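Each of the two complexes below includes chain A, the first together with chain B, the second together with chain C.
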Partner chain A sequence: MLRKKSINRFEKLQYFSLVLPGLILFTIGLIVPMLLSFGYSLTDWNGLAPTFSYIGLENYRRFFSDTFATQAWNFTIKFTIWNTIIQNILALLFAVVLNSAIKGEEIYRTILFVPCLFSAIIVGFVWLRMFSNVLPALNSLLGTDINFLLFGSAKTVLTGLLIANNWQWIGYWMLIYLAALQSIPNELYESAAIDGTTTLQKFRHITLPLLAPALTICIVGITTGSLKMYELLVTSTGGGPGRASTSIVYHIYNTAISGRQYGYGSAVTVLFVFILLLVALLQLSVLRKREVQL
Partner chain B sequence: MSKIAMPEKKLLRFKNKGANKKKTLNKTKRGIIQILMTLVAVLFATPILTIINYSFKTTRELYLSSPLALPQSPNFANYISAFRKLDLHVTFTNTFFYTFVSVAVLALLCGAAAWAIARNKSKIFQGFYIYFLLGIFIPYQSLFLSIYIVGFKTGLVNTRMGLILMYIATGMSFGVFLMTSFMSTVPLELEEAAKIDGCSVYRTYFCIVLPLLKPAIATLTILQAFQIWNDYLMASLFISSQKLRTITLAMQLLFSHQASDYTTAMAAIIISVLPVTILFVSLQKYFVQGMTAGALKS
Partner chain C sequence: MKNVSKSFIFILLVVFLCSTTIFGAPQKTTVSILAGISTTDDGIQDIITAAVAKKYPEISLQWEIHEWSDNFHPRMQQYIQTGLPDIIIGKAQDVATYGGQGLLAGLNGKSYLDNILDAAVPGVTIDGEIYGMVYNCLYQGVYYNRKMFTENGLEVPATHAELADVIRKLRAQGITPFATHMVDTWSIGNVVMQFAINDVFAQTPDWGDRFRAGKVSFATSPEYKKCYEYMKLLYDNTWTRETFSLPQIDCDTRMVLGQAAMKVSGSWSIQNFLTIDEDYDFGIFPFPNQSGDAKLIFEPNMTFMKSATTKNSAAVDKVFAVITGDKEAAVEFYNLSRTASMLKGVSPTFPNPSQKDIDKYAAEGKLIDANLGNNQLQWGGFQDENAKDIASWLQEMITLDEALKAADSRRANSKP
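So, the complex of A and B:
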C-alpha cells in the first residue's frame, strides 16, 4: 500500500515535470510581464535611469486627464465595434453563399482567404498604395470624382483602415463559419423542408442556433484582434494624420518607447489588459448564455 | 378512360410546370448570387493583382504610365533588387529558423502539458490549465512593453534564443488549449498497456502519445507558423542587429526607404508571401481543421 502510494507520487512528479517547462516559459513570457507592468505603473521610471521613485497612483490619475490617451481609446473602440459588426456579417454572409450550391466554391474561398496570410505590415503598405496611387487612377478612367485618399484626412482614416483590415480578415472568419455550416446535418434541412418552412425560418431556427459556438469564437476573436491593432498602422498611417488613427497599443509604444515614459506606459498597459480581460469575459458569458438559449 | 386520365395528365403537367418554374427561378437567383460573389472576389483580388502588376513595372513605367496599365514587358529587375535589399539569404534563413524552432518546441511542450493535464484530474493540474488559459485573452501586443523589459533584464534582447523563447511563451496558451481539446481522441488503452509493460511516463509520452497527436501537431504547427512568420512587433522589440533580422523587419525598412519607388517593395511582397501561400494551398485541409478544431470544440 505504502509502496503503491510512493509510486503514484513518483508518477505525479513525472507528469508534473512534463507541464513544468511550458509553465515556466509561459510565466516568464506573459505572467511576469503582467506583474511587472503593474509594478512599474506605480513609478516614474523612464526606462533608462537606474533609479526611479514610487509615485503611487499618479500615473493612473494622469491617464484620465490625458487627452491623447482618450483619443487613442476612442479610435480603438470605434475601430473595434465597426470591425466586429462588419467582419461578422460579411464573413457569415459569404460563408452562407459559398455553402449554397454555387459553382467554383474553392476558387472564391481561396481568393477571399489569401489576404490573411499576409503580414499586417504588408497589408498596411499595400492599402496605402491602393488609396494614394492606384485607385485615384479610376477617377480619370471613369470620369468620376471620388475621394480615394482615405488615409489623408482624419475624417476618413477609420474607413480606410476598416477596409484594409476587413480585406485581410474576412476570409479567415468566413472559413470558420463555413466549416460550422458544413457540419450541420442535411437531414435537419430536409425535415424542415417537409414541414414547409421558408428559407429565412430555416436560417433563424436551424442555422443560427447551430452556428452559436462559431459565432462566439468569431465575435471574441475579432474583438480582441481589433483591440490590439498596431502593426497595420506602422506602414499605413503611422497613427496619423495628426493622432487620428493612433490605437491604444500605438499610443503605449509612443509614450513608453519613443517618449521614454515607462511608468506611464505601464499604467496604460495595465488598464488595457484589464479591459481586454473584462470584454472577453463579458462577451463569453453573454454569448455562452445565448448559446444555451438558442 | 381518357376522361379520367385527363385531369391526372393535366395535374402532372401542372406539377412539372411548377417544378420547372421553381427551378428557373432558382437558376436566376443562383445566377445573380454567382455574379455578385464573382464581383466580391474581383474586389478582393484587386490589391493582389495590383501587387503582381507593380512588381513587374520599371521605374519609368511607374511614373509615366497609368497605375492601372500593365507593364510593356515583364521586368524581373525588381525581384533581383528586392532579393538584395531584403538581404534575403540572411533574413529568410533567420525567419525560417525562428519559426521552425519555436513551432517544434511549442508542439512538444504543449503536447506534454496538455497530456499531463488531461490525465490528472487533480486540482493542481486543472489549476495549471486555467492558468494557461488566462493567456488566450491577453494578446502579447498588450504587454509588449514589459515583455521587452523582461527580455532586457535577462539579457535575451538581440539574441536568437530570446526571440524564440518569447514566441514559445506567447504561443503556449493557445497550444495547450488546442491540444487539451484534442486529448479526448487519444485512447487510454494503449497508455495503460504501456504502463503495465513498465513504461515510464516520459517513454509513454514520446513513444505512444506523441505519435497519436500528429493531427493536432499539424494544425498547431500551421497556425503558429504563419503567425510567427508574419510577426512584426516582437521581432522589432527583440532584434536590432542586422544579422538577426527577420523578413518583416527588412520589409518595413524597405517600405520606408523606397516610399516613392515602390516597385521593388511590391516584388519584395511577392517574395515574402509566396512561401506561406504555397504552404496554405497545399495544406489547406489541415489549416481549416486547425482553425475550426480550436474554435468549435471549445
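So, the complex of A and C:
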C-alpha cells in the first residue's frame, strides 16, 4: 500500500515536471502581463512618465462614454459576424466539394490552403495593391467602370476587408471540415441511401450532426480571431478611411501607445479580454450541447 | 604515449583559444542607436557606420531602425522602462517630448555643436540647454509642375483668390489641380499643420498653450476652422474617388506624369519625383493664408540626441563629432535623401529644381519653422487623431463641427 502511494506520488511528480515549463511560460507570458495590465488600468499613467497616480475605476467609467471605442467595437462586431458566417459556409462548401472525389482535388486543396501561410501583414499589402492598382486596371482592359477601390470608402471598406480576410483563411478552416467529413463512416450514407434519403436529407441528418465538433472549433476559432483583428489593418487601411475600419485592438494600440494613454488603454484591454472569454465560453457551451458522438 | 599527445594537443588548443579571447582582437565599444526615420532617410546607417569606422575603428554601431511615424515612439516607450540606447535619432519635436522628461543628455559646451547652423538650435533647446543636433531639414509647401504652369499661363498664387483662379484654369484644361494620397492619414495631419502654421501659429505662437488653458478651442477658432476647410478644398480638387486608396508612390508618379499640377507636401516627395523622372522640373510656394503673407515652411528633421543614462558618453561624443564633421558623408546623405543641410558650410549637390524658389523665400525672410506648431501640439495621440476625424468628415461620416469638437476633446493629450 505504501509502495503504491509512493509510486502514485512519483507519477504525479513526473507529470508535474513535464507540465511545469509550459506553466512557467504561461504565467510569465500571460498571467503576469494581465495582472500588470489590470494594475496600470487603475492609474493615469501615460507610458512615459516615471510617476503616475491611482485613479480607481475612472478609466473603466470613461470607456462607456468613449464614442471612438464604441465605434471601434461596432466595426469589430460587424466584421466578426460577417466573417464567421461567410468563412464557415464557404469553408464547409469547399470541404464538401473536395470530399466528393473530384479531379485535381489535391491541387485545389493546395491553392485554397496556401494563402493562410502568409502573414496578415503581407495579405494586407497585397490586397491594398489589388484594390488600388491591379483590379482597376481591368476596367481599362474590359472598358468597364466597376468600383474596385473598396478600401477607399467608408461604405465599402468592410467588404474589402472581408474579401481579404476570407481569401487568407478559408483554406485553413476548410481542412478542418475536410478531416471531419472524411472521418464520417461511409456505412451511414449507404444505409441512408438504402432508406431512400435525398442528398440534402443526408447532409442535414448525418453530415451536419457529426460535423458538430468541427463546427465548434471553426466557429469559436473564427469568432475569436475576427475579434482580435489588427495586423491586416496595419498594411491595408490603417484603420481608415478616418476610423471606418478601426478595430478594437487597433483602437487599443493607438490609444495606449501612440496616444500615450497607457492606463486607459490597459483598461480597454482588460475589458476586451473579459469579453473575449465570455464570447468563447458562451459559444462553447451552446455548441458543445449539439455535438453528437458515434 | 598516445593519450599524453592527445592531452598535450588539447591543452594547446585551450591555451590558444583563451589567448585569442584575452589578447586577440582589440576591445570595441558598442554604441547602440535607435533611429526613427522616414523612408527617404534609409541609408543613413550605412553612411554613418562607414564614416565612424574610418575615424574610430574601435567604436562599433548597433542600429535599430523604425519608421518614425509608426514604431519609433512605441519602441521609445519600451526603452524608457528598460534603458534607452546611447543615441536616439528622431525629429526635432522629439526633444520637447523626451527632453522634458529628463531622458536626454544636455549638449551645451560640446565643440561639435559649432558645426550646426544657428537656426537649428532654438527648436532643440529647453530652458537654455541644448538637447539635440539637427542634421537636415525639409521644406514644406505646395510643390508645383513648373512646365504645366508656364504652358497654361499660370502665376504662383499668393492669395486665396489667386489660388482659386489657378484651380479654375487647371480644371478648365482637364488637369487635376492637386495630387493627394489621403489613405496615409499622416499626410492629412501634415497638410493641416502646414495650413495652421501660417494661419494660426504665425499670428499666435502660443496658441497650443492657450488651447490647453481653455482660452481658445478648435470649435470656436475661425482660423483653425479655415485650415480644415482648406483640406476640403484639396479633397474637392483631387482624384476624390481614389485618394483614400492611393499610396504615396502612386500619387507622386501621377504628379510627375502630368496628371496633377500641385501637391501640398514636403521634401520627402523630391526623392520620388527625381527617381521617377530626374529631369522633372518643379517649384515650391507656400500655401496662401488668410492675410496673404504666407511663408515657406522649413522643418528641422533628423535630430541626434544622447541618452541621459548612457555609459558610453565619450564614444557618443566621438560619433557626434564625426557626424557633424565629416562633410563628405553629410553630402552623400543629403544627396541620397534629397534634403537640405543643417551643417555650416555643407550643401547637397543634387540638382533640386525647387532650390531657386527656396533661396528666393529665404532671401526675402519668408521662412517659418514647422516646430512653431509641432512644439505646441504633439503629433502622436493628437495631430494624428485629428487627421482621422478630418478624414471621417471628408467621407461624410461626421460633420465639420463634430471633427473640431473631437479635437477639443483631446485637449489633455495635446502637450508635446
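Going forward, the second predicted complex is superposed on the first by the 274 of 294 C-alpha atoms of A that agree within 3 Å, B and C clash if a C-alpha of one lies under 4 Å from a C-alpha of the other, contacts with A are read in each partner's own complex, and residues count from 1 in each chain.
Going forward, contacts are C-beta pairs under 8 Å (C-beta built on N, C-alpha and C of every residue); 3 or more make two chains touch, one makes a residue touch a chain.
Remember, it's a predicted structure, so these values are computed and weren't measured experimentally.
Chemist: Using the superposition on chain A described above, determine whether A:281 touches chain B (first), chain C (second), both, or neither.
Modeler: A:281 contacts chain B only, not chain C.
Chemist: According to the stated criteria, A:243 is in contact with first (chain B), second (chain C), both, or neither; which is it?
Modeler: The second partner, chain C, only.
Chemist: Would you sort A:36 into first (chain B), second (chain C), both or neither based on which partner it touches?
Modeler: Only chain B; A:36 stays clear of chain C.
Chemist: For A:153, decide between first (touching chain B), second (touching chain C), both and neither.
Modeler: So A:153 only meets chain C here.
Chemist: With both complexes overlaid on chain A, does A:167 touch chain B (first), chain C (second), both or neither?
Modeler: Touch status of A:167: first partner only.
Chemist: Answer with first, second, both or neither: which of chain B and chain C does A:112 touch in the superposed model?
Modeler: first
Chemist: On the superposed three-chain arrangement, identify whether chain B or chain C touches more chain A residues.
Modeler: Touching more residues of chain A than the other partner does is B.
Chemist: In the superposed arrangement, does A:130 touch chain B (first), chain C (second), both or neither?
Modeler: first
Chemist: Between chain B and chain C, whom does A:94 touch in the aligned arrangement: first, second, both, or neither?
Modeler: Only chain B; A:94 stays clear of chain C.
Chemist: After superposition on the shared chain, which partner residues are touched by A:266: those of chain B (first), chain C (second), both, or neither?
Modeler: So A:266 only meets chain B here.
Chemist: Per the definitions at the top, what is the overlap between the chain A residues touching chain B and those touching chain C?
Modeler: 133, 257, 262
Chemist: Within their complex, state which residues of chain C touch chain A.
Modeler: These residues of chain C touch chain A: 73-74, 76-77, 80, 97-98, 101, 182-185, 241-247, 250, 380-381, 384-385, 388-395, 397-398, 413.
Chemist: Could you pull out which chain A residues touch chain B in their complex?
Modeler: 11-12, 14-16, 18-19, 21-23, 25-26, 28-34, 36-37, 40, 94, 97-98, 100-103, 107-108, 110-115, 117-122, 125-127, 129-130, 133-134, 136-138, 140-141, 167, 171-172, 175-176, 179-180, 183, 213-214, 217-218, 221, 224-225, 227-228, 230-231, 234-235, 249, 252-253, 256-257, 262, 265-266, 269, 272-273, 276-277, 280-281
Chemist: Would you mind writing out the residues of chain A in touch with chain C in their complex?
Modeler: Touching chain C: residues 47-50, 128, 131-133, 147, 149, 151-154, 237-244, 246, 254-255, 257-262 of chain A.
Chemist: How about chain B: which of its residues touch chain A in the complex?
Modeler: Chain B reaches chain A through residues 30, 33-34, 36-38, 40-41, 44-48, 50-51, 54, 66-68, 109-110, 112-113, 115-117, 119-120, 122, 124-125, 128, 131-132, 134-135, 137-147, 149-150, 154, 165-166, 168-170, 172-173, 176, 200-202, 205, 226, 229-233, 248, 251-252, 255-256, 262, 265-266, 269, 272-273, 276-277, 280-281, 284, 288, 291-292, 295-296, 298.
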